[in-house]
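Following are the structures in question.
Across the two complexes that follow, chain A remains constant while its partner is chain B and subsequently chain C.
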Partner chain A sequence: MAALVLPAGLLVVMLLVAPMLLLARISLNRFSPTELMVEATTAENYWRAVQDPYYQQVLGTTLGVALGCTVLALALGFPAAYWLARMESRWKSLATILVLFPLLVGNVVRSAGWMALLGNEGAINAALMGMGITSRPLPLLYNTGSVVVGIVAVVLPYMILTLAAVIEGIPRQAEEAAANLGGRPMTVFRRVVLPLALPGVVAGSVLVFILCMNAYATPVLLGGPQFKMMAPAVYDQFVRGNNWPFGAALAFILLAVTLVLTVVGSTLLGRRYRAA
Partner chain B sequence: MGSLVLEALSKRYGSSTAVERVDLEVAQGEMVALLGPSGCGKTTTLRMVAGFIPPSGGRVLIGGQDVTRAPPYARDTGMVFQSYALFPHMSVAQNVAFGLEMRKVGRAERDERVMEALRLVRLDHLADRLPRQLSGGQQQRVALARALVVNPAVFLLDEPLSNLDAKLRGEVRMEIRALQQRLGLTTLIVTHDQEEALTMADRLVVMERGRVRQVGTAEELYEHPADPFVAGFVGRCNLVSGRLEGGGFRAESGALLRCDSTGAPADAALLALRPERIRLDPDPAGEARITAVTYLGAQTEYHVEQRGTTLLVTRPTPPLGDPMRRLAVGDAVVLSWDAAAVRLLPAA
Partner chain C sequence: MTMTRRAALTGSAAALASITAGLPGLAHAQSKQVVVGTWGGDYGELLRQNIDQPLMAPQGIEVLQDVANADPRKTKLLAERQARRGTYDIACLSDTDMHMISAQNAFDTLETGRLKRGGAILPALAKTYAVPHIYSALVLLYNPSKVTTPPTGFADMWDPKYRGRVGFSDILYSTNTFAAAMAGGGGFSDYEPAKKKLMEMRSLDGRIYPSNEALAAALKSEEVWMTPMWLARGFMWQKAGIPVKHVVPKEGAYAIVFEAAVPRNSRNKDNAYAYLDAMLDPKAQVAFADRMGYLPTVKDAQLPAEIARQISLSEAEQERLRAPDYDYLLKSHGEILDFWNKQFKA
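And then the complex of A and B:
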């Protein structure tokens, strides 16, 4: 058995651990506008990232958007996941494919679609103006709202499928027993379905939160030039600024914040589950 | 007026009928079993009483009140599920307390009633365990306590013993029956196991393909089955097709079988005879031949062929040394029975 795990293990080391170690080393180097990267061992990149109000704001925006999108995806995904999990007919596999379908379209293509829908000359504004409801286009694109909508649309399938897998394992008869004992639908949901679905809520939220924290194409395309999240900021440093050490430091800050929040969040939720 | 009344209760799915106009009255404190093979509609009927399935027609009355359209949580029923359906994330005590919480029973009274219910099923010492830490039999008793603690007007049991092993099944059967009688619970139990139904219920409802075939006590069903299905389903029965001829019954194979035809339906086409009502005596001159012998411990089964008709005969296993003990395949025997033991039934 151990031998069978070896190829995957090697792959992880080569494709994940090695680049990360390299990146960690780069983040400790010094940047010079003339020589670009200078070999050093310094924490100044981290200091700069933490103290600069601009990057504080970028991190704040990223956290806000990621948390908001996770909560929204959970709220929108749970009913859909429940419906999918409790489906009995032959349509179930079709419904599952429909949930998966958006994943077939790349993030860039999908964002382009949102732009065509939300832009000043987009479908919605064209319709509103055509009907004479507004005289000038509504600012639907290039704001937090459009980014959140775009990201939620990307992550929703992950949330739904993760939740549905867990909800399917909740015996329907447990719900019936609760109803039989006098539980109204909301009570049955709160006291039986939700506590039993909590492992799925944790798994789905962690997965979606990580995806949101690292969103790149959607914030760039739907947020416009003024809207900044961490992943695009890292890209800017590497490609536009040629400042690899600072970009690497930003990347590790993003990684650390994501990791800490994921562990803290899932531990808190997990504790509630055991207490229930 | 019964405590639970079903009036022409029906359930159709598209063009197929799961339950067809079931009428039933269960009196206060009575235990009635819905008995039938799988797919006969007994579980659908029970689930319509609990409110999980909306009926296509007819009415359900609990305590004289029409609850046909009421949601499950508004019906005063306590159900024990086949899978027990305990809440896996709640302790035994929390499981039992759930129904009382829903009824807004105060904390002190709730704790008291939970312990009382757990004592009733002898599980008070396991109140803080989680369901997965209990054996199947213990889980079953938690499910009983959880349904009983709310004093439901109607107690519903859906194949409550099917997940227990044979030895435990016998014990739990007695236990449920004793509880039901002690607490005077109006009870509807669904089972496919005729022994379970015969030993537990005051009355049985035999169902087949969505219809009620016969309602009666165990003895009525066994001694006076209304039709071939009931005769074959409740206990074992020899069913021989043929017609009345003179004072006897002429089997299709030609054999003339002894029967009492007084009061028999004119269109009698089947002779029903319980295997234990047939006597069997070794007789070298007899025209019947043993074709199979099955030793079952207390009983021995014989398949006996007589002029093209094979009858099943069960006899108490004779003691060692008895000449009957040596009966083997091919031996000639004589069969006899009281004419009154025979039931004559219309064609299936």
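And then the complex of A and C:
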């Protein structure tokens, strides 16, 4: 039976583990403008990234955006997931497809759509100025807000589908029993549905948080040149700066922070689940 | 409909063949090909129309364009430079990028014997590792109806009158830093004064756009009135109805040369040299001038008078132009990019 894992396992080792090991080795090298990469074993790239206020700020922005988007996706996704899970009509499969629909459009194309909507000459500003409500275009694009909106739109289907799968497994009778015993809807939600749905909340939040931490296309296209998150900063070092050692170190810092927060977050939420 | 196993196999083989048909080196390894790493957009299209189809196809050489911006292609050239077989037979890059990659020993030294059109190249543009294809000058573009006193140099961008009206293209960070350095009394080998000037520009609300196209849109809507840019771009934008005029800055500026080189690990060197010759063809050169406003790099290309008037430089203007200090840029590139990202844009 173990042989069944072999093809997938081999693929992961070849396409993920091996390049990661190579990248880890590169992150310990030294950069030189004339020779690009000098073989070395030094932690100075990590040290420089951790100490530099600029990268602290980039990491801070990334964490803020990722946490904000996760909370927002959870708040928006839960009611929709509940509705979808409790749906019994023949439209249910159509509704599921509608939730999935945004995933059929690539991130870049979707961002282009947001740009056409939010830009200075975009649809919203054209409408506002056409109706005489504003005289100058509102700066809707190239800020944190536009990035958050763009990322939430990308991750929402993941959150909804993960939550809906778990909510479907909660017996309706549990809610009915709670209501029968005098629980108001909010109390039923807080004391019965939410604790039972917590594994879904944890799984959905972890998935969404990881996607947000590594977002690339949306921050580049909707954040504009002055907005920086970690993934674009890593790309910048590799491709614009040709500084592979430093780019590799940044990539591992991003990986480590995401991993630690994911483990800590899901452990804390899991403990809360057991207590409830 | 039932599908036999044999039919399924035939079908997938055909599908595989159609997928691999476009890949260099797999299906067509035996036929005559040349893989050109180039920009897309107008540049790639003009290569196709004026070089690939009229000049290469009659020689029986198929041209495959590998299209990407300069940065990813530079990274590819660097990553592959130790490999026995590389992706490109021809690499198209700007002179500064070309020098940088050449310093990594990624290109062949051109064999003059194999390059038939080598003698036609303008001597000032000749290099040992690359052929010049087209060139233009760095200028200051301005909107004449808003900037009523014509500017004379880069320093005019710092006039408080134009607060919030100066735009920069993010991808031209090195060029913009040069403009700031010159405005601050620096030089081709000293970008240090740019730091102070760029921070001043920050407090003057200078605007940064993610691409040249986004900057063009901002110039068109008159959101910004001034920007450092290539003269050829200014010519194209004027043709597209964007209200700009240009001045060759009095502080001095550089020419930008778009070049082509043969990577050491190219697999079709004969075809690569044939391609370089075609790039130097006078008719192809004039086509680039007509559509994109770039100047020919060969002595025997005759520009139509009207175009020559718009894109040529007077002798006085030419005296203000010099080649960039490539070695300085190679050493300072990281610092320039860091300052641009961390201080100016932060």
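The definition used in the following text is that the second predicted complex is superposed on the first by the 276 of 276 C-alpha atoms of A that agree within 3 Å, B and C clash if a C-alpha of one lies under 4 Å from a C-alpha of the other, contacts with A are read in each partner's own complex, and residues count from 1 in each chain.
The rule is short, and it goes like this: a contact is a pair of C-beta atoms (placed from the backbone, for glycine too) under 8 Å apart; a residue touches a chain by one contact, two chains touch by 3 or more.
Please read all numbers here as calculations on a predicted model, not as lab measurements.
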Chain A superposed: clash or fit between chain B and chain C? fit
Is A:G241 touching anything from chain B or chain C once the two structures are fitted on A? First, second, both or neither. second
Partner chain(s) touched by A:N180 [first = chain B, second = chain C, both, neither]: first
With the two complexes superposed on chain A, say which partner A:Q226 touches: chain B (first), chain C (second), both, or neither. second
With the two complexes superposed on chain A, say which partner A:N120 touches: chain B (first), chain C (second), both, or neither. second
Is A:Y54 touching the first partner chain B, the second partner chain C, both, or neither of them? second
What is the contact status of A:T34 with respect to chain B (first) and chain C (second): first, second, both, or neither? second
Chain B versus chain C as contact partner of A:P195, first or second or both or neither: first
Once both complexes are placed on the shared chain, angle at chain A toward chain B and chain C, C-alpha, multiple of 10 degrees: 150
Give one of first, second, both or neither to describe whether A:P171 is in contact with chain B, with chain C, with both, or with none. first
What does the superposition give for the shortest Cα distance from chain B to chain C, in Å? 42
Intersection of chain A interface sets (partners chain B, chain C): none
Give every residue of chain B touching chain A within the complex, in rising order. 50-52, 71-73, 75, 77-79, 81-83, 85-90, 98-99, 102-103, 146-147, 150
For chain A, which residues count as touching chain C in their complex? 31, 33-36, 52, 54, 57, 120-121, 220, 224-226, 228, 236, 238-243
Complex contact set, residues of chain A against chain B: 171, 173-174, 176-184, 187, 191-192, 195-196, 273, 276
Footprint of chain A on chain C - complex, ascending: 71-72, 74-75, 78, 103-104, 170, 208-210, 217, 221, 223, 330-334, 337-338, 341-342, 345-346
